[in-house]
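Structure first, commentary second.
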Amino acid sequence: MRFALAAVLTSCALALVGCEKKTSAPPPAPGGGPAAAPSSGGTPGIAGDTILIGEVGSLTGSEATFGISTRNGIELALREINAAGGVKGKKVDVRVYDDQSKPEEAANAATRLINQDQVLLILGEVASTNSIAMANKAQPAKVPMISNASTNPKVTEIGDYIFRVCFIDPFQGYVMAKFAHENLKFNRVAVLKDLASDYSQGLADVFKRKFTEMGGKVVGEETYAKGSTDFRSQLTAIKRLQPEGIYIPGYYTDIGVIARQARELGVNAKLMGGDGWDSAKLFELGGSAVEGNYFSNHYSPDDPNPRIQKFIADYKAAFGSVPDALAALGYDAAKVAADAMNRAPSLDRGAIRNAIAATRNFPGVTGTITLDEKRNATKPAVVLEVGKGKTRYVATIAP
Amino acid sequence: MISDFAQHLINGVAAGTIYALVALGYTMVYGVLKLINFAHGDVMMVGTFLGYGVAQRLGPERQSTLWGVLLVFLAAMLGCAVLGFLIERFAYRPLRDKPRLTALITAIGISFTLSYGFQLDFGPLPGAAPRAFPEIIIPAEWLVIGDRAVVIWNWQVISLAIAIALMLMLQGLVYRTRFGRAMRAVSFDHRTAALMGIPVDRIIALTFMLGSALAAGAGILYAIKDTAIQPLMGLYVGLKAFVAAVIGGIGNVPGAVVGGLLLGLVEEFVVGYSSSSWRDAVAFGFLILVLLVRPGGLFGRVAAEKV
Amino acid sequence: MPAALRGLVPVLIAIAVLAVLQVLVGSSPFFVYLASIVGVNVVLAVSLNIVNGMTGQFSIGHAGFMAVGAYTAGKLSLLIKDLAISGLPGVVSDQVQFVGTLLAGGIAAAVCGFVVGLPSLRLRGDYLAIVTLGFGEIIRVIVQNLDLFGRALGLSGVPQTSSLFAVWFCVFLVTLVARRIVGSTHGRSLWAIREDEVAAEAMGVNTTGYKVRAFVISSFFAGVAGGLFAHFVPIINPGSFTFVKSIEVVVMVVAGGLGSTTGAIVAAVFLTLLPEALRTLFLQVGGLDTGASLAQKVDQIRMPVYGILLVILMLVRPQGLFGTREIWDLLPRWLPGTRRGLR
Amino acid sequence: MSGEVLLQTVRAGIEFGGLRALHGFDLEIRRGDLKGLIGPNGAGKTTAFNLLTGVYVPTHGEIRVCGERVNGRQPHQINHLGVARTFQNIRLFRALTALDNVRVACLSDERPVFTRARIDELRRRSSGKSPVAEAMDALNNYVDWWRALLLTPGFQKEEAELTRRAEELLEVMGLSHRRDERARNLPYGEQRRLEIARALGTRPKVLLLDEPAAGMNTREKGDLMVLIRQLRDQFSLGLLVIEHDMKLVMGICEEITVLDHGVTIARGAPERVRQDPKVIEAYLGDSYLASHGLPVPPHAPTSETPVT
């Protein structure tokens, strides 16, 4: 017995001593490897006169509403594309898989799209966690992927086949910090963030850094967990610090309740947030309490630009509601993909990747999209004020 | 500052009252059946949705009248009593003589069915998105201290009054009526109770209905307090309330009330004066601590296994 | 056969079979991924069965232990990613490190299992349910609060060194442990506790000790399953280890039969593949539009259906599909090697 | 005939929330003793057994096993010191085979790393509260499980030895033909015998039998009387028997203690107890009838322990 124990300990020690820095490039991960060869000679994603693209979204689970908005946006874009004759004379079909808002399912769905369905490119995911999971499958297989709304910088850092049509957390956090400091002239703000959401944490971190750099003071930071509906203790603690504004980069599901309870507790500070606020539900959940507060967004529904107004009218006709930012981003992602496919010299994945990377000044509904060398969209953000049952455009803030 | 402290105290009592009301249901059912009714929190959730439906039907004018509010409460409580009866009759009663584990698994199954079933969006089911609960008590300031440093709202007072009334009624029912005596006898030993001519099945069913009705009442108060309702709310509130019941000593009626208030206050003050990011760990850390130090809870004692 | 070798023969056979399998199908990413997910679920189900089935306790926080294993192993792998063991080829060194991190993940989960199990297992069985559930919540809060574990975004970039062979060898190991424990007199003591705790205690069985030990072993394998998971899923975050995951595993154990190892395996494989198969079916039959919406409905109703399944099983067949029997107990008697009863 | 004192209680008693279930209970079992414990339903007989085996912790007095105070020890620890019992309402491991029922009980001896004696010695010195002893015990068990996993030769030998001993005990109790039958499928009388075999598996010094003859017919009862005496001699046990069947108790016991309402009302040789007026008064019920050869009405299977 003792002998066995000694042997185990010794071998552990030896293993530790024997470690050294890796010198050579790491070997290819088993199972990854080069792109799976097309099954029967044809180009992946092309079958006769249809082009097959893939989409992964959270159609069920905790983030189902985001997935469904995205899905509608993509659907609308594809209808328009196909009505206009498709891409290079071919119809574009999309295969959608649900990832139940879980990264392991997102990776599974991406693997499936790449290897079983042999799609030409992949659209999707809102949650950055899920996009990262997908990108880790798409990149080694060299399948282009366009995320519509994942704002975490890490997503496109995974490789040169991964793109996005939205701006990233650092920009959005900067937008609100700048707006709070320059337009609203705030000096003291507090932060209330959702501990369970990487999106919320990312925005909060950038906001804190930028706001402090601009000379303001972040007086306090509190957190909540998705699913709770009692924010009074955090708000009471924040009230004590007497901030002029509270930055709450959360989702609309929580914001309405937070706004009501803030008013109830006599918190007079303005509330500020990010694109997670954007939903018609915000007005229902927040009532009058949420009015007069600000959030940054990808586009403004009351932008007079005819392109945007046409999109809103078409979306309303098709799905019966005002599109939120995620629908607009889904729409843009599909349009950018179609545009790249049109421009690409041939319909193979490498050529399409290059075409996507070369996207410049694309007229999307969420602004004029240019993809930079890090494959992120650079475009301005808008700040909206919440009004009675709708939002009002306040300012545009450029990168 | 004293005003912050007072505000935290108010918040803590408000949250604790809800925990206490839900915990009462756990404790009563545990008392008569020795079963952790895992689905209790979800019954509460169903109650709030029933109340929501009734309030919607009444419309904005009628729902905030006295009769409207009463109707919302009564409908939710009656509906949940029926639900509680059905659950007991068809899911728990057939398993009463089976190992306790069987009933526990069933309870988890029912909890899962209710909370995730309500997330579907076909038919009358509400779907996953949260909804704003109608303001059946129009908010008005009841007491304002200083320059709005501490505000007590009318609905906070009304909720507390309703909660206290419900608890007193329960206490009276358990200790002053024939039904209460029968209930305590069943809780003591249901075989002996049956031998003494107590209709055990009926008493257990009634206890279930009573507990479910209390949960529905708590649910409406919860919805008034936090303004938004959603299908998964029952899981969280239910778990916390269960922790409250164990802290107070499960099976012990005053223990549940004290446990609920204690948990509400502890959570509130941890957030207020420490860090809000550990809030959800507090309840369960507290639970493990209690089980280590005083397994029977503050008021209960560990019952020896019968041999 | 020499007695000393009896313990090792199945291991050697398993290694050979899995090696062949790895060579044959190891290069199809989709198959490997699916098989890995299935394998992890089987490890979870079989290990949970040791507590919920054989010992008659009830844990509903298996995902929490899986999370501990996943985060420990994943973090460790990230830390030693740039190191190699000198004198070994790169691939071998990677695999050695992989096995090491798996063990570390398992041990971390086992330690947690001990800490959680000791106070609650002294008490009656249903406390364990609540405490394990609470434990899962605590793990979630801890992970979300620590930068070390990537907070809500999760850990990404863990080297994907897992393989079909590794996952299914763990499946084999946990099955072997479950079977050998059951086969030994110690395992019979677990069963004795499930049958009658008071009598077992009176017959000299240290019931608390046995329960804690079963729980620790079960947690260990949940941790190993988590470690495997971290090495083939590109990103791990708290969302993958929720209450819902725990309930999925419970459903597998209960449906397979509380106490039946092979039942748990069958149920785990079936319940993991079923949604996948239904999705494929609806897409093939219904085409893109109706098929996709049907497939979506399937995913939506999965959770409530699990709930109803638990209730119906308990009412109609509380011992689960297989009860305490193993698959070979159900084979016709004339087949050679058919054995009956608890063995 | 009387050997060393194995089991002793000194003014032991227990209260449940004010209800005195047992009060001032004195008892002494020596090696080779065969004593009886009788009393009407609810007199506290099974409560006494539960006290002796550690299921309940006495609120008064003291319990000693082989001179060692065991108040507050856990049942399995008391069992390891040499006290085994059967149950009034048979509590076999119903899903296990007859052989496995006995094997589980036999297991308590095998210690791979630290010897049982060493752990017990540590426990004794710390009166059952030594973390070191518990740790050693736990390590023993973990090592055992690893051996089970690897099927080491030592483990295989031990398993074989366990099986052999269990088979031997089944043989003694005349159950060899039921070896692989599940316990719940055995006839009633055989279940009672299997419980005794299981208790013997723990190598007891004292054996407590709780109504071993309940539900048996006259012939079986006769066999049982012979068997009990034989067990005492073969395993050199001290025996304490609770029994309602007066003929059996009077027939085999050398000393009888009579309980009523938790209090000892008489003690002595069967003949003396039988004629004790207090006993007759307390007992003028089924036992009176039975001792006169009249049919005994069936007992309701109620638990004698007061509800807690």
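As written, the chain order gives the labels A, B, C and D, with residue 1 at the start of each chain.
Methods note: contacts are C-beta pairs under 8 Å (C-beta built on N, C-alpha and C of every residue); 3 or more make two chains touch, one makes a residue touch a chain.
Note that the coordinates shown come from a computational prediction; the quantities given were computed from them, not determined experimentally.
The most distant chain from chain D is A, comparing centres defined as mean Cα coordinates. The interface holding more C-beta pairs in contact, when B-C is weighed against A-B, is B-C.
If each chain is reduced to the average of its C-alpha atoms, the one that sits nearest the average of all protein C-alpha atoms is C. Separation between the centroids of chain B and chain C, computed from CA atoms only, is 34 Å. Look at where the CA atoms of chain C average out and do the same for chain D: the two points lie 40 Å apart.
Mean C-alpha positions place chain A and chain D at a centre distance of 69 Å. Within chain B, contacts with two or more other chains are made by residues 277, 280, 305, 307.
Annotation for chain C: residues 140-141, 144-145, 198, 300 touch two or more other chains.
Contacts with at least two other chains are made by residues 62, 195, 225 of chain A. Residue ranges of chain C in contact with chain A, taken from their complex: 26-30, 32-34, 37, 80, 82-87, 90-91, 94, 96, 100, 140-141, 144-145, 151-154, 156, 159-161, 163, 229, 232-240, 279, 283, 288, 292, 295-296, 299-300.
Considering their complex, residues 15, 18-24, 26-27, 29-33, 36, 59-60, 62, 93-98, 100-104, 107-108, 111-112, 114-116, 128-129, 132-133, 135-137, 141, 152, 154, 194-198, 200-202, 225 of chain A touch chain C. Contact residues of chain B toward chain A in the complex are 1, 4, 7-8, 11-12, 14-15, 128-132, 139, 148-149, 151, 153, 225-228, 230, 232-233, 236, 267-268, 271-273, 275-277, 279-280.
Across the complex, chain C is touched by residues 53, 55, 74-77, 79-80, 84-85, 87, 91-97, 100-101, 103-108, 137-138, 141-142, 144-145, 148-153, 155-156, 159, 162, 180, 182, 198-199, 201-202 of chain D. Residue ranges on chain A touching chain B, taken from their complex, read 62, 64-65, 195, 222-225, 227-230, 232-234, 236-237, 239-240, 253, 256-257, 260-261, 264-266, 281, 284-287.
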